[in-house]
Amino acid sequence: MGWMPNWRLTSLVGAGLLAMTAAAAAGTVRVTIAEYSKGTGPYFDQAAKDFEAKNPGIKIQIEVVPWDNLQQKLTTDISAGANADLSIIGTRWLLDYVQQGVVTPLDQYLTPELKGRFISTFLTPSVLNGKTYGLPIAASARALYYNKDIFQKAGLSEPPATWAEFKADAEKIKASGGGAYGFGLQGKEIETDVYFYYAFWSYGGDIIKDGKSGLDSPAGIEAAKLYKSFIDGGLTQPGVTSYAREDVQNLFKQGKVATVITAPFLSNQIKAEAPNLHYGVAAIPAGPDGTRGTYGVTDSVVLFENSKNKDEAFKFLDFLFTTEARTKFDKVEGFLPVNQEEAANPYFADNADLKVFASLLPKARFAPVIPGWEEIADATSSAIQKIYLGQSEVEPALKEAAAKANDVLTKK
Amino acid sequence: MRRKALRSLVYWLLLAPLIVVILFPFAVMFITAIKPPDEVLSPNWWPTHPRLWNFVEMWSATDFGNAILNSLYVSVLATLLALLVSIPAAYALSRYRFAARGAFRQFLLVSQMLSPIILVLGLFRLVVSLHLIDNVNSVVFVYAAFNIAFSVWMLQSYFSTIPLDLEEAAWMEGASPLTTLLRVFLPLATPAMVVTAIFTFINAWNEFVIALTMLRRQESYTLPIQIFSLVAGRYTVEWHYVMGAALVATIPVAVVFAWLQRYLVRGLTIGAVK
Amino acid sequence: MSRRATPYILILPGFLLAAFIILWPLKEIVQIATHDVNRFGMLRGFSGLANFDALFGDADFIATIGRTAVWTLGVVIGTLVCSLPVALILNQDFHGRSLARVIIMLPWAISLTMTAIVWRWALNGESGMLNSGLMKLGLLGTNIQWLAAASTAFPMQIAIGILVSIPFTVTIFLGGLSSVPDELYDAAAIEGAGALARFRYITLALVKPFINIAFVLNAIYVFNSFPIIWVMTQGGPANSTDIMVTYLYKLAFRWGKLGEAAAVSLLMFALLLAFTLIYVHLAMREREAKA
């Protein structure tokens, strides 16, 4: 019988090689894009087409990856030296990438004009050791969404300004019947720790203080006790640790929880999925002395060190960050505007919801720029979940998490 | 006839609990798939107005047609390649005594043991160095390679139940070894080949991690990648599309199975001696 | 073509193809596990068993070993126990047999990841269709928060693991049962063997090699099985449903500790190897080709 497909294999390999060399020769810029929504892929495809029309001779190849697989794909690609030229990454990963030397600083390409386009709050997280390594492709902050109908039913006309008020309001909501829970609390998967930080920061806590973890500080203990009291008092949905952020948002859209703390894109979702929901956006409740915090997040586009088409790649970046292109993107995804000119656009400036988010930006805190951040975040999330489940007392759990975090901090 | 009817009833009753549990997720998928977008999140068991148009929208949203073609190409080729390579190997294991026999069998098992998560890392580097990235055929090879172990083990166990008499009879009548293999032996091994083909096809059809790692452009993406990308990490998940896509993706597999399972019939072997 | 060389030539293509996907990656993993690597797998310096040391000092990791054993045994044994009777029934001739076979096989038609996604969706505490269905049937008073804690989540995951493994196992058994000729049963019945004796001495004996394949392969696949646990709980809450492979994923792609991840991978490989060597030696004596 013989090994029949042999010649097929050879010709396939040959064709493959030919295709590869042909593509590389044309100066194709490969861009790894992680999907935020169904609009992400089409947006970038269109942007690539628009760019190619204005710049004949440069080809853009968009490679779309689901967000949950982005880290895995990047790790695999980089380990084999087969990564794209540009990629979206979570800015909280940037330090690791910089330390391993896989991304290249953009300063040599950044003209003052280009730099000046940005709202500085969003540019700073991608600046390390005085060099700019990424441009903010997506920016977001968090605020409190509340269900006006449920609030009214409970006799509340204003959203709570402090956590003490919040607790009282939640009790009233519980008393008013109707089956809705006052506080939509996230206890599962990514950003479980961030949900905790909202209260943590308002009690004056710092995630990292003087190079050590601040989790087991009095602020941390207060915040954890606060949330646990919500759970024990029936003020949150039951089974907190089975609700990831999307699940809590869904509960909010269904009117099963009265509040949820999340990002601007929820507004778009509500418009599409629950148009009859009367909601409002407010600042995250403050602590006893008025301190409040919100979580700022950016995702950056980075340029890889081993890219062979750096100039062309940057041209595409420049294009993506023109006001027109940015406005389109932020409208599609529901992110916050990163360009100053864009922010002045009435669509954003007059949007009641976005105004609240924008007002919180000056006090926005970003994920600490430290190596091993994911590990620390995971340790924190685990500790908090144990507390939520009642499997561990507040102090021991937080102490354990702080110890783990300090381990990671001192190791690297 | 009455006995068969009674027997059928009893058997269906015995299978009923399992069938209910099996059909539950399909019911969930179907009901969710036909719900209008603003109802998708509510746990009601029938939509207020069923919306079959969802399927049409889903088709274009996931580039379904193209993905299905890619999946079919990969799955069929991987199955054929696995069979092609496994049949001789299984024949050797069942008919010959040779020194490397036990080691080869163990080696095949070993090929299944490395966790795909980390295997992918090493495999990726290998495929990159061969310049076969973003080539659907590299996926075909990897799938075939993964399924050899099962195929050989299954085929060999089955081949061993086929008596040597039949082949010897054919040889004595002057048939060449090859003809004997093709005309006498293989037809008797149909059930085993069917199971092997089903197994490889389904594994290839549903595989996700390797395809996602080896493929780059959306035009070459297989079905699982397209479906999964609807769900994995998007801020807004359109569940009616996801469920609809997953449901439609099972149809080709169910068809292949329905077609092939009729060959899983007993009494094929000894009957042939007569 | 010398007769001695024939078998080797016959197994060569299979061997090459299988070797292709295992030997190179295995060498890579051994390299990564014994070196200090950065988060992208680039080797920094030889570190011997340092990665393994780190692992064994990690309480969360040690916990996954026992849990993986529970997971594997629970799913594999549960699957075998359910599949044999089902296969026996589906091997009989009855009305609607083809339909029944296709239904039983349906879980196999969906990718594992998708099954897990659908079940996660259905198991949602407040908005899931399982709870709403059970409540409608009057079996439940208040919603059960299935995935909130390991005590309810892990058994659920095992049950789903069994559910998705049944089609594969039943199909193997059907293939094996097809090799048992009717005549043998008739002859035994004539000799006065009762149904149970016929089952024990004919069916079970002849299907035994197929049961063995099902057991060994299922054990290997389930041991390494990632999607069900990952999609439903990501090994949480607080690592309480983590098995070795989900912990490996976190090590590799969340925390950037590729060295330790590779070490876990080798440990898993060694465990499986030991298991199959012992099992194959004990349970599967080679059978001569029957004349």
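Here the chain labels run A, B and C in written order, and each chain numbers its own residues starting at 1.
The rule is simple: a contact is a pair of C-beta atoms (placed from the backbone, for glycine too) under 8 Å apart; a residue touches a chain by one contact, two chains touch by 3 or more.
Note that this is a predicted model, so its numbers are computed, not measured.
Chains that touch both chain A and chain B are the following: C.
With respect to chain C, maximal separation of chain centres occurs for A (centres as means of Cα atoms).
Of all chain pairs, the one linked by the most C-beta contacts is B-C. Distance between chain centres (mean CA atoms), chain A to chain C: 35 Å. Taking the mean of the C-alpha atoms as each chain's centre, chain B and chain C sit 15 Å apart. Residue positions of chain B touching 2 or more other chains: 41-42, 81, 84, 88, 121, 125, 228, 231. Residue positions of chain C touching 2 or more other chains: 13, 41, 124, 127, 252, 258.
For chain A, the set of residues that touch two or more other chains comprises 75, 79, 250, 254.
On the chain A side of its complex with chain B, the touching residues are 1, 4-5, 12-13, 16-17, 20, 30, 34-38, 41, 61, 63-70, 73, 75-77, 79-82, 246, 250, 253-254, 263, 265, 268-269, 272-275, 333-334. Looking at the complex, you find that chain B touches chain C at residues 4-5, 7-8, 11-12, 14-15, 18-19, 21-26, 28-29, 31-32, 41-45, 81, 84-86, 88-89, 91-96, 98, 100-102, 104-119, 121-123, 125-126, 141-142, 144-146, 148-150, 152-154, 157-161, 163-165, 191-192, 194-195, 198-199, 202, 205-208, 224, 227-228, 231, 239, 242-243, 246, 249-250, 253-254, 257-258, 261-262, 264-271. By the touch criterion stated above, chain C contacts chain A in their complex at residues 13, 38-42, 124-127, 143, 145-149, 153, 233-234, 236-239, 250, 252-256, 258. On the side of chain A, the complex with chain C involves touching residues 3, 71-72, 75, 78-79, 96, 100, 102, 187-189, 237-243, 247, 250-251, 254, 256, 372, 374-375, 378, 381-383, 385-386, 388-389, 391.
Of all residues in chain C, those touching chain B in their complex are 4, 6-8, 10-11, 13-15, 17-22, 24-29, 41, 82, 85-86, 89, 91-96, 98, 100-115, 117-119, 121-122, 124, 127-133, 136, 163, 166, 168, 171-172, 174-184, 206, 209-210, 213, 216-217, 220-221, 224, 226, 245, 248-249, 252, 258, 261-262, 265, 268-269, 272-273, 276-277, 280, 286-287, 289-291.
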